[in-house]
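Below you'll find the structure I mean.
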Amino acid sequence: MGEAEQDRIETQEYLVNMGPQHPSTHGVLRLLLKLEGEIVHHVDPHIGYIHSGIEKMCESLTYPQIPYLTDRMDYLSAHMNEEAVCLCIENALGVEVPDRVKYIRTIFSELQRLASHQLWWCVMGMDLGALTTFFYGLRDREKILDIFEETCGARLTLHYSIPGGLMFDIHPNFRNRVHEFLNYFREKLPEYDQLLTGNVIFQERTRGIGIFPREAVINYGVTGPSGRASGFSCDVRKHHPYSAYPFVSFQEALDDRCDTLARYKVRIREMWESMSIIEQLIDNIPEGDYQVKLKGVVKLPEGEYFQRVESARGDFGVFIISDGKKSPYRLKFRSPGFSNLSALHAMSKGWKIADLVAIMSSLDLVIPDIDR
Amino acid sequence: MAFSIYDFSSFTQSIHEGLSNRLSPAGTLAVEWVIVGIVILLFVAVFGLFLVYAERKVCAFFQQRLGPMRVGPWGLVQTIADFIKLLMKELIQPARADKFLYNLAPFIVIIVTFLAISVIPFAKGLQAFDFDIGVFFVTSITAVGVIGILLAGWSSNNKYSLIGAMRSGAQIISYELSVGLSLITIVILAGTLQLSGIVEAQRAGWFIYRGHIPAIIAFFVFVIAGTAETNRGPFDLAEAESELTAGFHTEYSGIKFAFFFLAEYVNLFIVSAMATTVFLGGWMPLHFGNLEEFNHVMDLIPPVFWFFIKVFFVIFLIMWFKWTFPRLRIDQILTLEWKFLLPINLFNIILMTVIVLMGWHF
Amino acid sequence: MRAIWKYLSDVLKGIWTLIQGMRVTGHYFFRPWLIVTQQYPENRRKLVMFERFRGEVTMPHNENNEHKCTGCGICEISCPNGSIEIITATVLLPDGKKKRIIDKHIYHLGMCSLCNLCVKNCPSDAIVMAQTFEHAVWDRTQLTKVLNRPGSKIMEGIKE
Amino acid sequence: MSLEDLNTFIQSIEPAAEVVQGKQFPEVMVPDDRLHQLALELKENPSTAMDYLICLTGADFEDHMKVIYHLESTVHNTVLVLKTKTLSRINPVLPTVCDIWQTAEFHEREVFDLLGIRFKGHPDMRRLFLSEEWGFPLRKDYVDEVRIVDR
């Protein structure tokens, strides 16, 4: 076709509603896409379909009642969310929790991170069309959920951390189960690599896709594995250690290739790191109380308190403004998914629809975390 | 009426004679058409439903699941129940859809599969039409199916459908080349385009064995390109559910959706049957050079069974691909075709020609 | 020549990675005894929940139809969803004193998020979490339960 | 950078602002008209290099509304809390910082959605979670008889 002929063909951008009910938006996220052919020109996320007003609800709840609600925000890193709220309240009250609590909280955080990354892995495979990964990932996640269920009594919304400590002590069977799981998963994780990571189709689909350089990552506040894949050292566990992280040695998984494959590999590496952290802690849980008795009515001294933890998706922050009463005056959750979503447009502009799906699943968005 | 499970030609011949004794030649032809039509219809329905069940079970076992277990023993009646459900569902037509084309599209897709099935030799004499250009007929008629997909996508008045249809068009037009060329590689060896002739030519040994290196390469190229042509496995871009929800059949419901669904599985059968016929010796039993006893035992298994055993082997291979690999992107699919499969194929044809000319084949 | 060699090695390497993946799925296909599916209603007998599993709030009674609830209302206060309502009654004791006892401990299972705060805060350990999990009913009014049984009374020796 | 250095640095841009050591981080209250300039300087100047906006919170204090910026420097690993306020409740307007930190684009839309604070210069000031006719639920005077049940 000559150039003159090509000019005569009129092309037109068109709008496509991806969502709210779409298989790869993992919830009720609606993306308004401007497409030209297959090329994505503009992504406009419309969110709020499951906005539940958690921040408003927290203003009328007492402090011990808040952690149960945060479970329902980012349900895949429920324990980290609880931990953030509990740490914030404990810091404000000046309560020092026993080492036993710190150790157990850290083990649970890492187990939760593993479970979250397993689910992310199976969903990532499924988004790219490898449907079998979904079942292998869930199969392994089930083992962690069993550990949770035995100790906390719930599988997803754990409500295990409470201000001042833990809901229960660990189950007597906990150590054995964790060891069992670690031995099991050490054998299964290489399978993940064989099935997906090494696969030439997967590599082609992800390498060099959705490149997002370090400056942009910091500018957009993209944290967690997605940020670390662009060389942004943003691991709260390293920079602002909390709970038992000062006692363990681990590597922050960093990558500087900035693409979807890097985001994928950072998460796989984090799974190995999480296992090593659990291994360091599980046999050294100190004896002691599992909670500090707080007053019947918890009242935070007047002031502002900010606490960050590293959730499975990134930098999760709790900001409490207290006026000295039994419930917070204003409570804000800095959810990692929210900031990560804001970068989706910049990340996926100019790529194809299929790449948009890959980029989106490499960001690991959880919609209740975004909508709150 | 002489009937043998090893040779159906006498059986079909006797039906033909019986009919022509009673009816005029035109009447005979008409009745035979009807018989052939009903047989193919039944075959498509039963085999399609069975393949859906088989796919569910196979994929379940790949994924450490049990698959359907509730309806009937081991869920055997599950697909029939699903089919009844689809029959009873409301047929929804999107507003501002092109009504005529929208309703026509599923029929084009399903009719093409009927046409393609009619030339497949199931066993000696069990073949509806024995063209002397059988290979050519199958490759060309399966390519017509894409028109149905394009129409479905275009007429649905849905952007996802349109994208899916356009992808499918680009993909099938490209992969048609590889399918054709890999079949031609064997046609060079066989020296005929007639499917029954190709099968007969493999009496001395399957072509995948007789043509050795180029035939094996051609076999794999054919399986890959065939998977792409049926919109399956890693090449299911036209309906890529994580990108386009359901691609070209997003707007179809009830029995019209069932047509697309059934056609996909019958296409899978056609590709496998072609691979079997051309590469794996069709209904010829497995023979090893001079193991007389073994060959004799193999001869006892009826040709129809041989045909289906081989077909299921190829189907299993294609399902294995589908349930292991991630999906390709549209430009990668075209790259795979034009940069990898096509050059390999062309080189392979030259290799095969040289081998045939020099007589280096078995 | 080098370009051709690279092209060929790319093709072969690609095929090798694909075979790696197929080996994993094939491994499980030919080992059907590794299947993890649980067939739920059939395996109900074998299905034992962990003892800490939070299914619903119940109030255990002993063989004399006695419970431990004093009707203090702490569970009602600590519930974030308002799923517990305590209705108390005042009775006249033989020695002439008035005493507040529980009349009805109303529990809305439909509103409960099973956070365990009521059980944890109960001063007399009167309520516990049961391990039931099949809560589906035909009518949502059936989800509102009265936890103390009719005619039950408080155990001896439970102080407020 | 110590607290004094930070104080001198900020006062060189905005004399009225003073850095106080809060409970956790140094905090500084800035008048809204100088916010943008100070924010830009805090990010661009290599001695502060506050390049990462962790969190942007809006809060209603009945008589005024505050927006609180948690900034972090990825170079020096320090955190600074920047605050600004607006007195108007009918038409509260604050300058945007989303040209300095892109992530503020979404956060400011969230603040606008829940508190009704408009950000001047924001390229896309639409509601984020709620529909157009909804009130501003995080304001303390927000009433919703249907959905909020007081016990």
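Note that the chains take the letters A, B, C and D in the order they are written out, and that residue 1 is the start of every chain.
Just so we're on the same page, contacts are C-beta pairs under 8 Å (C-beta built on N, C-alpha and C of every residue); 3 or more make two chains touch, one makes a residue touch a chain.
For clarity, every value in this text was computed on a predicted model and none was experimentally measured.
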Shared chain contacts [chain A and chain B, defined touch]: C
Chain pair with the higher count of C-beta pairs in contact (B-C, A-D): A-D
Furthest chain, CA centroid comparison against chain B: D
Whole-Å gap separating chain A and chain D, where each centre is the average of the chain's CA atoms: 25
Intercentroid distance (Cα basis), chain D paired with chain B, Å: 63
Approximate Å spacing (C-alpha centroids) for the pair chain B, chain C: 51
Euclidean distance of C-alpha centroids - chain C vs chain D, Å: 42
Per-residue overlap in chain C, given as positions that touch at least 2 other chains: 18, 21, 24-25, 36
Two or more partner chains touched - positions in chain B: 62-65, 323-325
Set of chain A residues in contact with two or more other chains: 132, 139, 195-196, 199, 201
In contact (per the touch rule at the top): chain pairs: A-B, A-C, A-D, B-C
Residues on chain A engaged by chain C in the complex (per definition of touch): 61, 64-65, 68-69, 72, 132, 139, 142, 149-154, 157, 159, 162, 167-168, 171, 191, 194-196, 198-201, 203
In the complex, chain C residues that touch chain B: 11, 18, 21-22, 24-26, 28-29, 32, 34-37, 39
Complex contact set, residues of chain A against chain B: 14, 16, 22-24, 35, 38, 125-132, 134-136, 139, 195-196, 199, 201-202, 204-205, 352-355, 357
Touching residues (chain side chain B, partner chain A) in the complex: 59, 62-65, 159-160, 163, 234, 236-237, 240-245, 323-332
Of chain D, residues touching chain A in the complex: 22-25, 51-55, 57, 59-60, 68, 70, 74, 77, 81, 101-103, 105-107, 110, 113-114, 128-130, 137-138
